[in-house]
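Each of the next two complexes has subunit A plus one more chain, namely subunit B in the first and subunit C in the second.
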Partner chain A sequence: MNELIKHAKELLEKGEVAAVIGYRQVSEKRTKPVIITEPEETRALVFNEYCLNNLAVYLTKARIKLLGRKNNKSFKLAITAKPCDVHSIVALIQENQIDRDKIHIISFNCHGVVKDFGFDFNGDNLSSKCITCETHKPLYYDKLLGEVKETPQARDSALERIKEIERMPHNERFEFFRSEFDKCIKCYACRAVCPLCYCQRCITDKTIPCWIETSSHQRGNFAWNVIRAFHLSGRCTGCGECDRVCPADIPLSLINRKMTIEANNLFSFVSGRSLETPTLVGSFNEKDNDELFM
Partner chain B sequence: MDEKIISRVDLMKICKDVIDKGNTLLTPGAADYYVVKDISDIILDTSALPSKISHKSYVFPRTEPVLYYKRSKNDVQLIDINIDSKKIVILGAKPCDANSINIMKHLFNWDHSDEFFNKRANNFMVIGLMCSHFDEYCFCTSVRSSPVSEKGSDLFLIPVDINNYALKIITEKGKEFISPYSGYLKPGDEKNSKLITENVRQPEAAFDSSEVYEWLGENFESPKWEGVGNLCLSCAQCAFVCSVCHCFDITDEDYSYTEGRRMKNWDGCQFGNFTLHASGHNPRDIQSKRYRQRVNHKFRYYVDRFGEILCTGCGRCSRGCPVSIDIKEIVSNCNDNQKEFLK
Partner chain C sequence: MDKQNWEPKIVAFVCNWCTYTGADLAGTSRLKYPANCKLIRVMCSGSIDPVFILKAFERGADGVLVSGCHPNDCHYNAGNFHARRRWDFFHKLLDFIGIEKGRLQFSWISASEGKKFADVITKVTEDIKAMGQFTSYKKMNSEFTVDFPADLAELEEPVLQESFDKETVK
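The block that comes next holds the complex of A and B.
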């Protein structure tokens, strides 16, 4: 931890970055994001199994970008990111939302995080994205910290659930999603925490014409959750934040993961894994699978 | 106040009767308050965490039609709604939840009497249950309540031993509800239940609400708001799980060119377009202003207007906040200039 604090402090003191976006401990098993602009405040920074937030979501916020503008000069922003959060940063760079040169990535050798605050860190409580994680070491970073440790073993029950849903007959599958979406209260926490939901004006906020009913009834909830699934297809990096924060416990990551699997099967593409490959939606290859066209 | 003793078995008989008569019986679960179909599902656990989402949707639904309309060439025909007026009995409400309808009542009867809310609220029968849980997010004792507060309950239960509850009859409504079941009640002694309520572990008061009130009046432009404004991601998790947040939006849904309905939907003050005017101007254009509004509304404006704090101290908003913003921490530190909101 001292290394992280030392590094962050140095960055701020030397004026290499304008702010450090990191985590601070709020209780034994909970951390929260913190945005630090003064060198002495870096002492609050931590990194552990309870750093659940995907801080990449802050990088596209206008108010955070503004922190990087001081005295008519532009400074870098430093961000502490788990290897999976780096995927989101990569996706944002690929979608031209942020500039690689303006971000200083402090990343870690990661051995997994808990599924939610308050749980003990072990195989049973491992976040589902960590079970199949293939990047315990970040793909891109400016500073790598932390020791390499073993990830606890766990069963990939989410994938089993996806297979189960795939096998359901149409009406049963519809019924499953209907009962899940019925719980939605439209607080849009899923949208708020998603680093890739960066639209200045979300389609649900457009009311003339009203494509997506704002009412939280069956049709409105279906419209919202389905449109979100579509807008994130081939773009979701699988950080699982939407799933974690949903107050109604809708298993949103099942949908996103299924769409990621589909995109990968059809186009051999997973979002946020390379700075060299163009985005799926933003590129065309004549060898692309065209089964989707009618 | 009248106090009786009722056994768990007899209490369940009353519950069964409530369901058999076609009324709705609600009880808190881990995620939500749910409608009881089978009385064996009833847990009545004083040490349970408050459910993730409050029961407010049963009195103030997250979406409901307020009228239907039909358009013709020269005319618009409005069709009124029949408000569902089923009796709802809520069993085992946490003291922090029990009072929420009373708090919201002020707003819904302020300059206009909201018949939708009132009709449902009048049909609510609240059976409160003493609470013996508290975690780092609970702060009922800081907002003029407590884990043994009877405020808002019509009947109040205190477990005296494994099989028996002390039943306090608080209101006329409660008295009326319980009178057909008087055969199940045994005479009780207030001393016994007092011994229990006095020894319940209570969260220590985290702040003085009148000090917070004063501070908010003087610090509208405090730089502290910027810190929390930077952190908050503008969702409405806090407002929608809250048991007393009551903002709503009115929107029209057309079925076709000639028919549609007008809906009343939950809205949240942290959304960017909550105060967006048709002109394009937005008085709360940045997140810090929106967060300031949330705290001011709860601890100052509502007190000014109705003399009550718009918060029951249940801690739901903080427990579920995607970025772990803790409202208790924020208002407790407001007077401390050494502490910024986000640190």
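The block that comes next holds the complex of A and C.
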């Protein structure tokens, strides 16, 4: 960890970056995001299996962007990111939300994180995104830290659950999702934590005309969760933060995962993997599949 | 309404330049097609937001049809290409969530295809009729999801009659 602190301190001292977005240990098995602007404060920075938050979400916030502009000059922002968080950063760059030149990515050789704070790090408590993870080394970075370690083996229960749902008849599937979405309390934590939900005004906040009912009645809950999933289909990088923060335990990443699989099947596209390719829903191909249309 | 006389409610989102004009042609050609579709004219198939479709289902539609210009025919050059990608996703999502594929249908109808317009409307209406009412979505409109017996009258009458008989005997 000394390497991380040393590197971050150097960046701040030299004035290369205006701030470092990183993690701070708050207890034995819990970390918190922290935004550091002073070189001395960098000693709090850590990186371990309990760094769950996807810090890319902060890059889209107006107040964080303002940190990069001091005295009419623009500075870089440094961010510590797991290889999967780098996917989110890449997706944000693709969608012109941030500038690659203005971000200094400090990434790590990652061997997985726990599913939630407070758990021991082993195969049973591995986060579901880490089970199928293929990028233990980040695709894009400015500084690579950490050692290569073995990821614990675990069962891909999320994929099994998707297949289980697909075997159900349509009315049972509808009933399953209706009852799941019925638990929603409309806290919008899934939206707040998602790096790709960066709209200044979300469609659900636009109430004249009211397309998505804002009360947590099951009709509005259904519409909100379907539209949330749709707005992320083909864009979701699969960081699984929505699943982790949902206080009602709605299987949000299950739907996201399904749509990621569909995007791969239909267009052989996985979001956030390459800076060169255009976004999926922002582009088109004349030879796209036309079977759906009469 | 009993099952015999039930007619499906279908909402059709059609683009101004092709499908709506095609519908005009079907009308002026005196073609016959079922009157179950309520046409909503929008400027382009690319401007149809998926929330429109969810709203249609919320307000009691049994099926939705989305129709626009053929690929390469779009008045705005690329509107329907963008729409096509979007609908691919939305269709797959709804299928996963539990809305059958036939409930939401898509077509390309150009301004000169009055006959095709009549055929598509007939086919969609028949499909939805075969599928029946979209009860699972409509059930969400009530505050509490209570499964009422299929035929309330049939079940309750004998019970009422029985208790009435007992009381009069006393």
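The definition used in the following text is that the second predicted complex is superposed on the first by the 290 of 294 C-alpha atoms of A that agree within 3 Å, B and C clash if a C-alpha of one lies under 4 Å from a C-alpha of the other, contacts with A are read in each partner's own complex, and residues count from 1 in each chain.
Operating definition for what follows: contacts are C-beta pairs under 8 Å (C-beta built on N, C-alpha and C of every residue); 3 or more make two chains touch, one makes a residue touch a chain.
Model, not experiment: these values are computed from the prediction.
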**Asked** If you stack the two complexes on chain A, which partner ends up touching A:Arg167: first (subunit B), second (subunit C), both, or neither?
**Response** neither
**Asked** Between subunit B (first) and subunit C (second), which, if any, makes contact with A:Lys73: first, second, both or neither?
**Response** neither
**Request:** Answer with first, second, both or neither: which of subunit B and subunit C does A:Leu292 touch in the superposed model?
**Result:** second
**Asked** Which partner does A:Pro247 reach: the first (subunit B), the second (subunit C), both, or neither?
**Response** first
**Message:** So in the superposed three-chain picture, is A:Ser233 touching just subunit B, just subunit C, both, or none of them (first/second/both/neither)?
**Reply:** second
**Message:** If we overlay the two complexes on their shared chain A, which of subunit B and subunit C does A:Lys14 touch? Say first, second, both or neither.
**Reply:** neither
**Item:** subunit B and subunit C footprints on subunit A, overlapping residues
**Value:** 217
**Item:** Residue ranges of subunit B in contact with subunit A within the complex
**Value:** 31-32, 52-53, 57, 62-63, 136, 229-231, 233-237, 239-241, 249, 251, 253, 263, 265-266, 268, 271-273, 286-287, 320, 322-326, 342-343
**Fill in**
Contacts from subunit A onto subunit C in the complex sit at residues 165-166, 168, 170-178, 203, 211-212, 217-219, 222-223, 226-227, 229-230, 233-234, 255, 258-259, 262-263, 266-267, 280-281, 284-286, 288-290, 292-294
**Fill in**
Per the touch rule above, subunit A residues touching subunit B in the complex are 24, 26-27, 30-35, 41, 44, 53, 57, 63-64, 67, 117, 183, 185-189, 191-193, 205, 207, 210, 213-217, 220, 241, 244-245, 247-249
**Item:** Of subunit C, residues touching subunit A in the complex
**Value:** 49-52, 54-55, 58, 71-72, 78, 81-82, 84-100, 105-108, 120, 123, 136-137, 140-141, 143, 145
